[in-house]
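Note that the chains are named A, B, C and D in the order they appear, and that numbering of residues resets to 1 at the start of each chain.
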């Protein structure tokens, strides 16, 4: 049986797992992400891979796939820009190869997670899938005709940074009106904060876990309140869902997928998010009177998608 | 040598040509497009094909590709919606097969034209190309990893109908703020009309061929005035080019192509369009400080792209 | 008792009435509006005034006020631009004086109607009122500290042409995104047309009186359907009402009136319009958590407001 | 000669001055603004007034005008909301009367400054003036027919919080897309920061005084760079000026003033700001082909406008 290792480099931890051909994680280790030094990072990834291999027969592992935030080049080798990790133009595959004698590929983490969902999760069975991760920001992965699309320079599917509002909210990328400023977890929190300012009574339930301080409202708190039926929280979700659906409508005009898979922290709200997203999508997509509407589903693999996808892509 | 026939069904004429493997048109016939009846249309297409075949040895032609406006299904067989032709849910391939005993495929015309540019025109040599046709409306074709992408239901690349302005100008598709309302030939005319209203002196050169009637200003007139250096016309082009560049920036965020190919009547202005498009693109694309910027080129095949692309796709 | 004559010059008819100090119309005559010639128009207005005076004792009438569409200068004398009437830079007061030996003032018709509502209608008792007329377009009148505000050049209160959407729908004034493109009767019809395109079933009731032709849907038809409870029509009203409320919120930020009075054909829908307008206003006005919200009311004088206001202003 | 005292309560200091009928400040004292307690603030204002009176003959001072940030009620008596000072629903006039035995009025500080400009500064001689203060935020004051317009509840002229971009940048007021997010000093800094992110070379001159840290770029630094001809700084000004002009165009549609007076820190750039503001205004104002365009001028009284205006309003 072919086994590969998938590594998910996050801002706070490095998680690595042995993954089988069915997408199941057979073994897993995690380490804290070391600060801003490619050598230290490669050491940690190398150690994690070594630990997992030690517990298996020699030759059990065929390859290693590494998923990381940031722009990764089209050779699946260099980290062109990994702002969260403090890396730029970093030949990470080469660096890691000095520690690991296996085939290695480096992938964008949103691409890895998307691939996992298409192969083993909510996108299973579809050959045209767009995955959208609604986390702090908005990430994406595009699968067309059964293949992950990386674009010419490896940076396709940066869907969070297409513009939905000319002259809209400022984005960390330097642009204005990027989708992720309206459809992300951060946007959800912004909605709650604005509600607290404009209608404190309606935001009472949201302000409670934050000790009355709007700056301390968190996404998970809003989700919890929404699941309990709180009106204010549900309103925040409806607003964000409206933008999610509008964005999916634009992506459908361009990519015409069979289904969208929505992951990330915001998707933990399940149907509370999904229902108004579908409604907004159906109201905004071009040609809606005649076209087949894409299906919209919640991701199934949760936070493990990165490991599974990176592992599976290691041999693609 | 493999020869195929490409047919381009337009609103006013049906053009068919024999195309060789180098994308050269060896023979061509045209007929007027008959009004709103699929039978009559199939007759005309069938006749055109027959005429071209009669002039060649039997078996010289290997297949027929038909390019048509509107939504075409993923089987490349049915015209799901062809508003301009008055067709809906039309099994055009089957209908044509009763007249033509060759392999037939039906394609969206913008897809066909895009394919031609990638194979034989401005996109030659690139495996990641987005073609944008700036005609009365805005059409598109997407080639990724060397393959034309049709999406799950055949209607990908409807780039003219992704939204650039929430609550923006009304679009014939029933939505608001679609890109084609800002980046098309019709948008160019609208700019000229508004200029004429707000600053008649500045619009004098534009109003001249229209006999002073803003409703009669045409795109080609504006292009001609711009090529002659008229300030008002150049301003109209700069405005439209700004929107074109902004849209390409959004498409780059999603698709990361190596190059964009711009065709359609508006592209006849060449550098007058291209220069401000590039400037706008560079000012709007996400990650511009670190990413490789896609090349932006004018289409090379002009109005023949539809025939050539349809012919070449007939055997794909 | 002081009596004055008010004249309302509309696109199709000239209506003139004798008005008493309580704003009651004691006598009225109407004539068709003559086409595009100031002399002919002055003849008709002069004749109407003469007819009304003939039926009264000599000296019964103290003055004449004329309300007309278009820009009127700050001297209340010239029609700077009256596009509907085909007039420009027209010294109408002087022209009329050659026919009528009474004090004359010329006013913008929306100003006249607004003044009538403040003196005798829905704005009675308030010294800070903004009147908004939702007709084919959107007109306005501003009363602050009990005085009608005309601005420096007589063209204040052109509220229909402040911009609510950058790069929004084209406006007849040559700009884009003007409020009247979103909040007028024409906007209401546009909503119905778009609904018919996107969701014909939901628009069935709206299409009926138009014989199935979206181009023939009218505002009164939509109002009627809404009053009967039709879902599609109610949705059109909610959308337009959202924009009306948003615009009133902007006007409140600038003018802080005690109340808004909404007139024009769209206001015939009464509470169907008013309720979502109030909701939208309350959701959009700045400082809503602490400020006193302006009252929002439907106009009371209907189509007679123009005559009454012009008559009352004749002596101001 | 009638003398009055004007007091300008700012976030960091309380400035008070004796002002003569020509708007000249004859004497002045300043104290630090005490933190968040109305009693302490009234003590400081009372002391400042007492100090100024001690140096004059008894009865020399006729009245006291106090200008303060925040919403002031229509009675010119209560501070409804003074967020910067930590005050809400504060009866400041009554509180101050226990310390000062003179007629007292409380005014919004932007209104006071506007009034000063109309009486003694750049708006002198005009009876229809809109003053706009481009500071950290955007404030305003409206004079129509020679009178300061406060609205029904005292909060008119909050022009910084009318909306220019639907779903635009978040504003401290709880709304989105407020004008002050695009036209203020803070907006100018945001432009510089975005430029630094997107085009560091072009922003080099701007980053220098900030030690390379975008977060430390200040408005005065940008102004200085612009005055020295730096391209990046000039681009920031052009962008902000574009929004200023667009906003003035909307205000002209509503208020039709004879002139706009622009003050606040951003106006220190003089013609560098003014020229593109005028251009943008002329390109955006409705009816521009026929109307008289309002004049646009830089404020003349600088930071003293608050004292002078409050003093002059004390007897109005």
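The criterion applied here is as follows: contacts are C-beta pairs under 8 Å (C-beta built on N, C-alpha and C of every residue); 3 or more make two chains touch, one makes a residue touch a chain.
The chain list, named the UniProt way, goes like this: A, B, C, D = Glucokinase.
Only a predicted model underlies this, so the values are computations on that prediction, with no experimental measurement involved.
Common neighbours of chain C (Glucokinase) and chain D (Glucokinase), by the contact definition above: A, B. At the interface between chain B (Glucokinase) and chain C (Glucokinase), over half of the residue numbers appear on both sides, which makes the contact a same-residue one. Between the chain pairs A-D and A-C, more C-beta pairs are in contact across A-D. Once the centre of each chain is set as its mean CA position, chain A (Glucokinase) and chain C (Glucokinase) turn out to be 53 Å apart.
Centre to centre, using the average C-alpha position, chain A (Glucokinase) and chain D (Glucokinase) are separated by 45 Å.
Residue numbers of chain B (Glucokinase) whose C-beta contacts span two or more other chains: 165-167, 173-175, 197-198, 288-289. Those residues of chain D (Glucokinase) whose C-beta lies close enough to touch chain C (Glucokinase) in the complex are 71, 80-81, 88, 126-128, 140, 142, 144-145, 147, 149-159, 161-166, 173-175, 178, 246, 249-251, 253-258, 284, 286-292, 294. Those residues of chain A (Glucokinase) lying in contact with chain D (Glucokinase) across their complex are 165-170, 173-176, 182, 190, 194, 197-198.
Across the interface of their complex, chain C (Glucokinase) is touched by residues 166-167, 197-200, 288-289 of chain A (Glucokinase).
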